[in-house]
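Below are two complexes that have chain A in common, paired first with chain B and then with chain C.
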Partner chain A sequence: MIMIIEVVKIIVLPLIALIIGIFLMGLARMITARIHWRYGPPITQPLIDMVKFFDQRGISHGFIFDFGIILSLAGSIVLVLFIPFCKIAPLSNSGGLLVILYLMLITPLGIALSSGASGNPNASIGISRKFMLALGYEVPFILIILTIMKSYNSLSLIDIVNVQQAGTWSIISSLPLFLTGVAYFLILPAILGVRPFDMTTAPQEISSGPKVEYSGKYLALLSIEHALTLYIGLTLFVNLFLGGSANFILFFIKILIVFIIGLFINAVFPRFRIEQALKYLWGIPTLLALAGLILTMII
Partner chain B sequence: MDRNKISKWLKGPAKMGHKYSLSAIYFCTGCGIIEVPPVITARWDAERFGVIPVASPRQANLFLITGYVSLKTLKAIIRTYEQMPDPKYVVGFGSCPINGGMYWDSYNTIKHLDKYIPVDGWIAGCMPRPEAIFIGVTHLWTLIDKDMAKGYVKYREKYESYRKNQEQILGKLEWKPLYPIRRRK
Partner chain C sequence: MTLQLILLIGFCGAIITYFAGKILPVLREIFAVAISLLLVGMIVYAYGRYSQEIAQFGFLNFKIVFTLNRLSWLFAIIISSLSALSIIFSLSYMKGKERQDFFYMMMLFVSTSMLGIVFSGTFLQLFIFWEIMSWSTFLLISYSKGKAVKAGLKYITMSIIGSMAMLVAVISLYLKFGTLEISVISQNIDIASLRYLSCIFGLLFLGFGVKAAVVPLHTWLPDAHSEAPSPFSAILSGILIKMGIYGFILMMYMVVGIKIFMTLGVGWMKFHYVFAWLGVISILIPSFIAILQNDAKRLLAWSSVGQIGYIIVGISMGTGLGFLGGTFHIFSHAVFKGLLFLTIASVEYRTRTRDLDQLGGLIKKMPITFLGGLIGVMGLIGIPLTNGFISKWLIYKSLFESNRMFLLLFSLIGTWAAILYGYKILHNVFLGQLPEKYRNMKREPVFMQIPIIILSLTVILSGIFPGIILKLINNIAFSFGLESLNVNMWGVVSETGTLNIRNIFFGILAAIALVSIIFYSAKRSWKVSQDDNYAAGAFVPVEKYNYTVEFYAPLYKMIRKYLKDVIDIFYCWIAGLVDALCNGIRKIYTGDIGTYVGYILFFLAFLIIIYLRG
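Up next, the complex of A and B:
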């Protein structure tokens, strides 16, 4: 019986993640429109787009093109299973933060493989930017993860969430964790790939970068993957710093608040160039994360 | 969403998807492109109709031919059109693609665009106002609803004659035919 419940959880969790991700995408387009003082699309617009993409004729560019996109989607789905959502956490006991750190690289890698096989120069520029950006945010991200591991003496996300449930949220529990939380929030747009850091998929410069050759069903898979990426970045933040939640509604509200604050930044800021992004990411966020790590080690 | 719409969604979700999610390719084919930025930005906001500009023809299903078509542009237009995935709609914008407009006696512009690629709808005027694009879009919705926006099917069926017209005006084309050409005995 327990076995069956576990299997059901493994099937249901990616679906929940997908629904939340698509909802957030629709909300993003709606709120951005309101900030620009226009009416904006209906909240179901990403879903309508996805229905259209699935009906269109997709054009393949060989085996690696098909394989890479499935690899990145599989990476995202597995990553979803490792992050606890309320009480549903099918694989969180077996992995922990180290596995999450590794799995986070599979998604960009799969897209790189796939769009590299299309042979479009715009796609290769986009991929090189994506990896440089990943280099930028991985450094503070690893420092942040180290700080959390050290201060809770645990690798398991479930333990960290439980400690926070018993006490206070980690972002307000101590000074080093507060610094770390701020650093994570500052690099969150880079992890999600939204506006100040969307030089990877800049439509005006490199005709939407890696996804330039995607059409039809491939584009649908890509937008599913984008929805999952949004979900992963936000739930990781909520679980690590805002104490997760046993209650679904409370958890969702926390995700929503973090996302909407990020959205305000997304709606008003212009795009960084790649070297400006690296300068930013290796500047204040890295220093904050480093300060947090050193303080945790001393105290 | 009214009840009528829900039954339509249940009957044919794909068709409604094509109808309410038009990705227009952002490709400057003529002077009419100057009307497109106000349409897609905050002043006239095309996104509330589901029209959004995309950068690559692979992701697009709506092609706006904005303004006059010179010989070189025609070449690019044909290549872009052939790269778009299959349910695709072409709208001629302005009077130049309809019948030449003010370039009616020019030696290097195309007078009738629909001899070279199938066009699903026209928006007349020089220049049409941005509101005219929205009227065009709502007309296109009606056409899609009634299965009348079948330009891409027509292109597939009558590809030989379209290709013949293209070769007549552009000389030998350096790309392969999109569909197999049947030789007549």
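Up next, the complex of A and C:
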């Protein structure tokens, strides 16, 4: 019986993640349009696009072109199973945060392989930017993860959520965690790859970068993967700093609030160049996170 | 008798191989492969037969002892199998090259001398085999003349300095303990003061550190690795630099014992702190230097310095988990770095270049080599389900448990640098557009495919079932008096965080299956050629539609000025000074007989004056 429940959880969780992700994508387009004084598409537009993409015939540049995209989506799906959603995390007890850090690599690597195999320099430029950006945000991100690990003295995300449920949210529990929470919020758009940090997929400069050779089902899988990435970045923040939640509605509201606040900031920013992004990411967020880690070590 | 027999077969086999080549080239190749496989077989046979053999003969009244314990068996099996694979690889790679008899002889010599090191029961043998290894390595590094000789000289100079320090340490140990037997010394280690042991460690750090290429002793490695013949680079990076690590483990865990080691040091500056920080510096800076490289082998060489750092950080923690991680990384690094060097060698064999700016698109021509490279890079980065992930997870966990957060931070950042250079090598060699000149290239020869396939499978299998090797290493740790961990087939079980590869494995497998079903049930896609590409309305410029040069250009601009190898510049400056000094002294010898007669007369006059005064 327990076995069946576990299996059901494993099947349902990615579906929930996908629905939330697609909803957020639609919401983002709507809100951004309103901020820009446009009417904007309906909230279901990403879903309509996805169905349309699946219906079209795409082109392929060989086996790795196909395999990379499969690998990247598979990586996202596995990652969803590791991050607690309303305290449900079927696989979280197999290595903790360190495994999550490494599983987060599979998705970008898959896309990199796939679009690299397309033989289009625009894609290669996009990938090279993606990896540089990743190097940029990973430095503060690792600092943040380490601070959390250190202050709760645990590798397990479930434990961290449980401690917060019993006490207060970690972002308001102490000064170092507040600093790291702010740092995480500052790098969140870079992790999600949205506006100031969308130089990886800049349509005007490099023809949407890695996406340039994708069509049909490839684009569909890529937008599913993007939806999951949104979900992962946000749930990780909610779990690490806003105490997660046992309640579905509350959890969803937390995700929504974080996302919308972020959106308000992002919608009015122009795109950074990659060196500007690196300078920004290695500046204030890194210093805040570093201060957090040092304070945690001392206290 | 087994151990002596193994060494005898190795050394005699090497010489026989040389003379067999004089008779018939095919005979030489058969001999070389047969002997290397025989060594593997004998070491597999020796599994579990841990013993000490006292040789019938002595050397200058010193006892000669051969020992086999779990640690040396682990090293021996890595050494012998990687050498066998790279000798098989050489069958294709060396075809048509000159002085092949010499090459095969030296390959066997190097691997047998390494076996000799791990079987040594006394420091005397250790030193002798160490020297054989150093010199035969030098001959192989400078095999292809020109720049290679310079790289070899750099290597042997640093090596000799290290060996001399080691010799002083060995003599001093003899004077202190009256014996050179490792087991006897380790029993009587209490009679030595901590200060004395610290000095010994300082000296041995030079000796072992040069081989292990720890920063600041790493400067020979990038030159030597990139100039050596490629199959030998695999050995060089896969196992030879691990001999230094073997020396460290031998001293830290076996001779001195980890409890005493953790207290060694000068004042508050404990030796293990220094050691761990050197390890982290070895990870961080070389990994970023590797991103800047354009020569594929040089890139891998810098990456080797970085990966050695992980091992050093792991073993210097002095905990069971750290030892487990560090030693597992010795195995993982040997496998995936050997694999990567062989991959590049096979690319170099077909294209005659390893310049990352000129290659591209080779995935269409060498699919197996690409898969090898992909799996190697995944192991290097530490993607789950490869052995690199297991070792890195264990090392990180041990750093976390020892509360060394900054070491952990820098090691993790090093991993992200590894992604950058790992993808660069994959992209620039295999992905992107295939240049016109390689359109009619043949596939890689079968003798190159075999080692690549075997090593790739090893990376994956030992990443999915880490328990096989973890159990072995756990027993080693237990025999050193470290705490024993709860190891099973799928990972490590502990209260503060369990590693369970089974969940990850089935999770990824199921996810890939699911996505594949969705992917392949959707409408089939058209296969198009690489020239059928989007170029914003313009036609695709053939031969020029590629992005490989300066792959991470904005990042290069930011970091290049900080990443000079200052240590190398410093050593070269010292070498220049010594050179100038010796040149000055050489001026005394003018070559003119008159001057020499003058010197003699002066000297005689000097003696007479002293005599008369006296």
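By definition in this document, the second predicted complex is superposed on the first by the 298 of 299 C-alpha atoms of A that agree within 3 Å, B and C clash if a C-alpha of one lies under 4 Å from a C-alpha of the other, contacts with A are read in each partner's own complex, and residues count from 1 in each chain.
To be clear about the criterion, a residue touches a chain if its C-beta (ideal position, glycine included) is under 8 Å from a C-beta of that chain, and two chains touch if they have at least 3 such contacts.
Owing to the predicted nature of the structure, the values given are computational and were not obtained by experimental measurement.
Chemist: Given the touch rule stated above, what does A:R38 touch, chain B (first), chain C (second), both, or neither?
Modeler: First partner only.
Chemist: Could you tell me if A:L240 is touching chain B, chain C, both of them or neither one (first, second, both, neither)?
Modeler: neither
Chemist: According to the stated criteria, A:V99 is in contact with first (chain B), second (chain C), both, or neither; which is it?
Modeler: Only chain C; A:V99 stays clear of chain B.
Chemist: For A:V139, is the partner it touches chain B (first), chain C (second), both, or none of the two (neither)?
Modeler: In the superposition, A:V139 contacts chain C only.
Chemist: After superposition on the shared chain, which partner residues are touched by A:G58: those of chain B (first), chain C (second), both, or neither?
Modeler: Touch status of A:G58: both partners.
Chemist: More residues of chain A are touched by which partner: chain B or chain C?
Modeler: C
Chemist: When the two structures are overlaid on chain A, which partner does A:I148 contact: first (chain B), second (chain C), both, or neither?
Modeler: In the superposed model, A:I148 contacts neither chain B nor chain C.
Chemist: Per the contact definition in the header, classify A:I171: touching chain B only (first), chain C only (second), both, or neither.
Modeler: Once the two structures are laid over each other on A, A:I171 reaches no partner at all.
Chemist: So, A:S156: does it touch chain B (first), chain C (second), both, or neither?
Modeler: Once the two structures are laid over each other on A, A:S156 reaches chain C alone.
Chemist: One more residue to check, A:R29. First (chain B), second (chain C), both or neither?
Modeler: Only chain B; A:R29 stays clear of chain C.
Chemist: Of all the chain A residues, which ones make contact with chain B and with chain C?
Modeler: Of chain A, residues 54-59, 207, 212-213, 216 contact chain B in one complex and chain C in the other.
Chemist: Considering only the defined contacts, which chain C positions touch chain A in the complex?
Modeler: 361, 363-364, 370, 374, 378, 381-384, 389, 392-393, 396-397, 400, 405, 408-409, 412-413, 416-417, 419-420, 423, 426-427, 431-434, 491, 496-504, 507-508, 510-512, 514-516, 518-519, 522-528, 530, 532-534, 536, 545-548, 551-555, 557-558
Chemist: Per the contact definition, I'd like the list of chain A residues that touch chain C in the complex.
Modeler: 10, 54-62, 64, 66, 69-71, 73-75, 77-78, 81, 91, 93-96, 98-99, 101-103, 105-106, 109, 112-113, 116-122, 124-125, 127-128, 131-132, 134-135, 138-139, 142-143, 146, 149-150, 153-156, 207, 212-213, 216-218, 220-221, 273-275, 278, 293, 297
Chemist: Help me check something: in the complex, which residues belonging to chain B touch chain A?
Modeler: Against chain A, the touching part of chain B is residues 13-14, 16-18, 20-21, 26, 41-42, 45, 47-48, 50, 53-56, 58-59, 61, 85-87.
Chemist: Under the definition above, what is the set of chain A residues touching chain B in their complex?
Modeler: The contact residues of chain A facing chain B are 29, 33, 36-41, 45, 48-49, 51-52, 54-59, 203-204, 207-208, 211-216, 219.
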